[in-house]
Structures are given as C-alpha cells and as structure tokens.
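This is the structure, below, for whatever I ask next.
Order as written gives the chain letters A, B, C and D; numbering starts at 1 within each chain.
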Amino acid sequence: MASVTILYFASLREQLGRERETAAVAAEGESVTSLLSALRAQDSALNALFERTPRIRVAINQALASFQDTVRPGDELAFFPPMTGG
Amino acid sequence: MASVTILYFASLREQLGRERETAAVAAEGESVTSLLSALRAQDSALNALFERTPRIRVAINQALASFQDTVRPGDELAFFPPMTGG
Amino acid sequence: MIRVLVQTDAFDLGGEMARLSHISDSVGGISVFMGQVRGQGDGLESLTLEHYPGMTEKVLIGLAEEATARFSLLGCTVIHRVGTMRVGEPIVFVGTASGHRAEALQATAFLIDRLKTGAPFWKCERFTDGRTTWVEAREADDDAAALWD
Amino acid sequence: MIRVLVQTDAFDLGGEMARLSHISDSVGGISVFMGQVRGQGDGLESLTLEHYPGMTEKVLIGLAEEATARFSLLGCTVIHRVGTMRVGEPIVFVGTASGHRAEALQATAFLIDRLKTGAPFWKCERFTDGRTTWVEAREADDDAAALWD
C-alpha cells in the first residue's frame, strides 16, 4: 500500500504522545489537507489537537511546505508549531 | 609668559619633523585661528603644511574642538588629519 | 567557506573566531553573535532545544549559502546547540567574515533573524518548581525575519 | 560594565567573549566585531597605528557610555591595538552584551562606525618594497558614522 511517514515535533509530539507514524496516501499523491482530513476523521486526539492549535506548520521531505502541496508515496511529512530557535 | 602645548600627530608630525612644541598665547586666551596665524607667520614649514593639507582637525585638552574655540594658557592643543582607526 | 554544526556540546568561541579570522588574507572584518539562555527572574532553570534532524542542517546550510552570496562573505559559521542548557549557557553562534565591516555586520543580523523563525528548533522552558512550557513564537521575530525579504 | 583598553598586545577573543557572557544572568545576546589587517594584493606588509594617548581613552569611554545608555547594554568592551600589525593580525575588538539580540547587534555597529572617524587613531601602511603611506580617511566612513546622529 502507498504510504507516507508522518513526524510530529515539540508540543504536537508531546500532546499526541507519539513522534512518528505511517499513513496511507493516494498512489498518485494528494494534498496535505486531503491526507490530514482522513487522518483527523480516524483519530479524535489528532483532530482535537489540530482544532485547538493555531499556526501549525508543515514540511514535506524536510522543506517547509503549504497545506495545498501534494504528498506522494514515500514522502516524509512533518507537522510542528512555529519555530523558536536562536 | 602665558603658553600652550601644541601636539602634532600622524602625517602632520611626520612632515613637520616634530611632535610637540610650546607657543605663546594671549593671557586672556585667543581663538585657535588667531594663535595659528601667529605660528604660521613665524614658521614657513608649518605654514606650507597647513596650506597643502586639507581637513586638519583640532583638539583642545583632548576633546575635538573648532578653530573658532578659545585656547587659554596651560591648554593642550593638538592638530591632526582626519582619523582612520578601526 | 561555510561551516554548519548542530550539536549538544558547547562551542569554543575563541577557536571559532580564530577560524574565521584565518580564512584568508582578504578578511578585514569578523562579526559574531552569540545567544545564550537568559535568566528572567521568574525561576527559569533550563531550556531544552528540540529540532528536526536532517531538516535543521538543510535549512542552516541554505541560510549560510544565501548570506554568503548576498553579503559577499569569505566565511560563514552557524553552530546551534540542541538538548538541555542551563541559564547562562550558550545556545547559538553565528559568525561571518568579509573584506569590509558592513557586510559582516549585516550578514550576522540576517542569519540570526532568519534562523529564529525559519530553522526547525523549538524551545521548552523548565522552571525550578518543575513546571515546563513550550516557548511561544514571537510576532516580533517574524517581523525581524521579514525585513530581510 | 564598560571595559576600554588601548594596547600593543593582541587580545584574547575567547576570554573577552566569555567575560561579556558572564556579566549577569540577564545577558541573552552578545555581539562582537573584530577588525584585522586586510591584505589587498598590493604588497601591503603591515599597518602602524598611531594614537593620541589620553584623548583616545576618553573618546572610547565616551562612546562606550553612549552605546550603553542608547542600547541598554549590560556590557560593552572596546579594545584597540596600537603599534605595528602585520596582515592578518587583529586591530580592534568591539563586544556588547544585552538582554535581547537587536540591542547588542545595533550597539556593535554603532561603536565600530563611530570609532572609525571619532577616535584619534591614524593608520600608516608599509609595503613590501619599503614604501609607507598614511591611510586617507574615507567619506563612506563619515557617512556611516553620521547615520547614528
């Protein structure tokens, strides 16, 4: 089955209680929004987390991306709050 | 006799061949311009140096000053080219 | 010459500056910024820095390359620590070397402004009473980063 | 905490940065600029820095005090060498410590811009063929200093 790896960082990782999972994705690829809708429908904790957390960022294959961008099988997807380095 | 110490720095010092001298000054003080005119009238090398050198700066008692400022007996006067530190 | 490190260990300030200084005879100015854990009088004990291994290095190398091109740098070093650091400990070192001072000074400000909001680091504060909180992103930091767009 | 030194010896970069870093728990950012003798491909061998003893220290302390007040600094160090320095050797160190990065970065730029044209130092260049020339003041340096007025 076509899948992607999903990573969670910082407060998202902590609140979900996991840092990594695998999810099914359409073989021809689909938008982050589309994939995320499917995940949220299956997982009420994830749904609640995205509902209460503003400004979640997404990266595809270790580069910042937008929720409209396409995720393809084998991609590494990551969700995290705004960055606070330096 | 009422006098001031005069210091020369950098290219001025080098071209004059001296770094320090003492000069008579009016007991009640006089402007740098007035004192310098007297000095230049007595010293053709100094006169030529001031004629050919643009942008000479003056300090009175180790603080930047203007040629209109008053020099008083006992003051330390200094002439130098624009500064090039850092 | 770009040097990017993400590490748990502290860094050698003098050694890093000497490295920038010796890159070439053409170096006339070196500018450095170092950020450290600031005590805020509210019982902060330590910060724990989490990051996204892989992406972090890519972003920092990209920023160093952008700074090098934009400010004609001869050298650019970015070192960011991860893990737990107590109040007073260094977190980040940004150093740039250039022919003239203006380029190095500007490049250092550019790098620290951009990495604050663009590199995948997250700070979690731990207080002496055991409480922990994730640091909220500051709008002022987004504004500072955007000034370089 | 103001520290101003005019000296012939080289300075200890790591030591000076550590000193700024340890001033207080409230230090969050340290910014440093170091200027060194730049080889220009024209046979420059060394620079000799002449200064006006007494006035130099007064001017540098005044600039450090102005920077401390204007940028809310917790620490401010200015070290300027005099005498003869070969290509690659350090000339000047400016370091500032503050609670947040913007103040330290701006203060360092202010100090180096202002001391270039306001402190009584003069550079004489010596070339490998034995020729010596006094460095001319640059209008661009006056402009940079005036931006802080």
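By definition in this document, a residue touches a chain if its C-beta (ideal position, glycine included) is under 8 Å from a C-beta of that chain, and two chains touch if they have at least 3 such contacts.
Because the structure is predicted, anything quoted here is derived from the model rather than measured.
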Co-neighbours of chain C and chain B - touch as defined: D
Chain whose Cα centroid lies at the greatest distance from that of chain C: B
Between chain B and chain A, distance of the C-alpha-averaged centres to the nearest whole Å: 74
Chain centre separation (chain C, chain D; CA means) in Å: 23
Between chain B and chain D, centroid-to-centroid distance (C-alpha), Å: 27
Of all residues in chain D, the ones touching two or more other chains: 35, 101, 112
Per-residue overlap in chain B, given as positions that touch at least 2 other chains: 86
Touch relationships between chains, expressed as pairs: A-C, B-D, C-D
Contact set on chain A toward chain C in their complex: 7, 9-11, 13-14, 55, 59, 62-64, 78, 80-86
Touch list for chain C against partner chain A, complex: 35, 49-52, 54-55, 58, 80, 91-92, 112, 115-124, 134-138, 141
List of chain D residues in touch with chain C within their complex: 12-15, 17-18, 21-22, 24-40, 87-88, 90, 99, 101-102, 104-105, 108-109, 112, 144
